[in-house]
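Take a look at the structure below.
Chain nomenclature is as follows: A, B, C and D, assigned in order of appearance, with residue numbering initiated at 1 for each chain independently.
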Amino acid sequence: MLDNRHFIARRAAQYFKVGDVVNLGIGIPNLCAEYTEKGIMFETENGLIGVGDAATDIMVTDRFCDAGSNPFVPMPGSSVFDTAYSFAIIRSGRMAATVLGALQVSARGDLANWATPNRRFGMGGAMDLCNGARQVIVAMELTTKDGGKKIVNECSFPLTAERCVDHIVTEQCVIDVTGEGLVLKEIRQGKTPEDIQAQVEPRLIVADDLKAMEE
Amino acid sequence: MLDNRHFIARRAAQYFKVGDVVNLGIGIPNLCAEYTEKGIMFETENGLIGVGDAATDIMVTDRFCDAGSNPFVPMPGSSVFDTAYSFAIIRSGRMAATVLGALQVSARGDLANWATPNRRFGMGGAMDLCNGARQVIVAMELTTKDGGKKIVNECSFPLTAERCVDHIVTEQCVIDVTGEGLVLKEIRQGKTPEDIQAQVEPRLIVADDLKAMEE
Amino acid sequence: MAEKIVKEHKDRRLDWGKVRSREEIISCFHDGQIIAVGGQAGCNAPWRLIDCLMDSGAKHLTIYSIDCHDPGIGIGKLIRAGRVDRMVTTHMGTNPEASQRMLSGEMQVELAPMGSFIERVRCGGAGLGGVLTKTGLGTVVEEGKQVITVKGERYLLEEALHADVAITRARRADLIGNLAYRGTGTASHPIMATAADLSIVECDLLCDVAEIAPDEVRVPGVYIDMILA
Amino acid sequence: MAEKIVKEHKDRRLDWGKVRSREEIISCFHDGQIIAVGGQAGCNAPWRLIDCLMDSGAKHLTIYSIDCHDPGIGIGKLIRAGRVDRMVTTHMGTNPEASQRMLSGEMQVELAPMGSFIERVRCGGAGLGGVLTKTGLGTVVEEGKQVITVKGERYLLEEALHADVAITRARRADLIGNLAYRGTGTASHPIMATAADLSIVECDLLCDVAEIAPDEVRVPGVYIDMILA
């Protein structure tokens, strides 16, 4: 059975369609690549479309590393570009999706994922991805390790972007951000909508066609 | 003996130094290439540094043409780029000089070279070249065919750029644009400063070290 | 068995691949569209795609192009046929018919400095709203534009241009739309190709996937929707 | 006779060529300079040029860099030695010492979104004053910046960044400074290399003139002043 992180990544990867170019954040999002069909290409924002398998042994080189410094083997059909071009693509709306981690997501889809009130590591490429990707998918555990709420009415942490999140995938549920509010679309076997509601701050709308998450 | 056009081009080319990258306009400016020492490279604004000799026979191709559609053979050390990159270079201040034709040049170095009150062909790359090139050299005959003045107090034609011209090279003289005004630096054998003054509108300052133009 | 495998592979190529028939591409052009056309100096233009546009019958077009080609050739064909209502271009020196139509009021022409023009198109393809340049300050280009001051220096704000359809030409394209160019055949093609909702390319050589080395690609396939068969 | 010809050619190579000794390059660094450093993710950084900068003793530096490398490595060496007064960067995740110095006030840090940061540097190398982007709207990035409206849409104005010296790394460089890259070793290097008064490069292979094909060049020599021997 998959652990929570892989379970989340596998579900998030189902949003990708053949022909899509997708950017994956560090952490859980990066695991999506393991659950993706052929015909989808991954971008690394330091400047390449077509990130392939992790490089080992003789294939390890400084010339093919992702934004997390992990060496990889480019897949057939890869393309290389500089960082300015990379973010031109990202902002252009040509990137089908980005999967990102989150510290907080608000009721209207605001995302906070780069700083707490006490710590600021930097936003890297996240703000541009939220601005430009056609779909912003948050892949995270539903609450903090000690049960604190991450889906909140208003983000208290510095924002990455306003009203940018489309889907939230967690180990317990899938929530869509809509004009009407947060809609509970899928739920883990053994959980009830009330269980989920107890762990998030905003009032959830339960979808008419609420589905069970695939185990 | 050189005709006026080649005489002007040969003199204008003397501003180039080894290592310079230079852009030449259409017409007289383009002839400068024939009088240039080795170690100078020419840019064509459609996207290449290193324009070489005119291509003939089997070397003619649509893939190596200058902005005037003339096929050429790229010289060793050439580099190719797109139009956006081309004008990034042009505006950056890394282009040592541009040589352009002119309809009018004003006393303070304003240039008009892309339109008359009745005709507008378009400015092409001239406005960017005047903005970015480190030296703007005008290469033109001193007057119009019927003796009309082209060096004027104020340009009456639409401007290409304000206060951009550094040197004016004609078949009769070389004039520098300075903070004090137009300075007559070189004069053709057989001409007097009064001859030149009679053909230009602004009051000329005659350089203390006024030289004869090389025949 | 081998036959089945080959068929499966072919189906997948159709799913992911971007090669489209002339007919399908012609059907993409409609009245009133903004069309970005790549190329410069009348060399290496997307001649076959311009012919598709002609054959579509689409009219009331807006054309973005560095220049206007020659009378009756390339874009000049569209202009002569009265199919172009408006152009944004940098010069008309090679096509007196374009100037005539501008003067007669049949065609509206916005003349732009080449560097500003192509930078505006780059913005359109790069998700940017505009750029600040000193080019055109103190000239007619300034008319109607915002002047912005940065660190005490004045700049013109040049706003992004974005097209409905881009038609460009590459030296090589692979099945997923990665593009490579050669020489001044590069010109405005790679920029124009990024700045449209629908980006169609013609190429001199259609390549297998991975035939173009990653470092040779100048436009990644993510920007390209269709390749003319 | 042959000897004389070779010598003459060598003299010309010195005149036009851009290869410079380590000592000459060290002498180019001074207190208070702004240094643009190419690379990302701590891979393929200009390690040898960073060592030149260390050995120069220059202090009170401002560094432009996508990231901050690891503690005590690369830029991390300069940070640990207290030589950096100010950084403009996009994240410090790999270097806790950078965060500590920011919190203690020993080093001023401007955090910028990666796309806006590199676009600002591109402006610096492209003679542009700034660009308009939606990235950062509604966040702390907006603080102190002009908000410009274009066609009813709000954008942040991100102002150009330009350095005194750029230190970058290329896979190949020829004697006149034409540069080629490989893979994600490209990263920010080609952009950083354009945006400084003095652009110095180190390369893995020093090439003869014309060894790099014109279409392979990603940065033309016009932007490059010196190549580390």
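We take it that a residue touches a chain if its C-beta (ideal position, glycine included) is under 8 Å from a C-beta of that chain, and two chains touch if they have at least 3 such contacts.
Note that this is a predicted model, so its numbers are computed, not measured.
Participant: Could you name all chains that are in contact with subunit A and with subunit D at the same time?
Facilitator: Chains that touch both subunit A and subunit D, as defined above, are C.
Participant: Approximately how many whole Å separate the CA-defined centres of subunit B and subunit C?
Facilitator: Spacing between the chain centres: roughly 31 Å.
Participant: Can you list every residue of subunit D that touches 2 or more other chains, as numbers and ranges?
Facilitator: 119, 122, 126-128, 133-134, 181-183, 186, 214-215
Participant: Can you list the residues of subunit B that touch 2 or more other chains?
Facilitator: 48, 74, 80-81, 87, 90-91, 131-132
Participant: Please categorise the chain-chain contact pattern as a line, ring, star, complete graph or other.
Facilitator: If you draw each chain as a dot and join those that touch, the picture is no line, ring, star or complete graph.
Participant: Give every touching pair of chains, nothing left out.
Facilitator: A-C, A-D, B-C, B-D, C-D
Participant: Okay, in this complex, where on subunit D does subunit C touch?
Facilitator: That would be residues 119, 123, 126-134, 146, 148, 150-151, 153, 155, 157, 159-160, 180-183, 186, 214-216 of subunit D.
Participant: Could you list, by residue number, the parts of subunit A that touch subunit D in their complex?
Facilitator: 44-48, 61-69, 74, 80-84, 86-87, 90-91, 114, 119-128, 131-132, 158-162
Participant: If you look only at subunit D, which of its residues touch subunit B in the complex?
Facilitator: Residues 12, 15-16, 122, 125-128, 174, 176, 178, 194, 209-210, 214-215, 217, 220-223.
Participant: Show which residues of subunit D lie in contact with subunit A when the two form their complex.
Facilitator: On the subunit D side, the touching residues are 40-44, 66-67, 89-94, 99, 102, 111, 113-116, 118-119, 121-122, 133-141, 171, 181-191, 218.
Participant: Note which residues of subunit A are touching subunit C in the complex, please.
Facilitator: 18-19, 21, 38-39, 41, 43, 48-50, 74, 76-81, 87-95, 131-132
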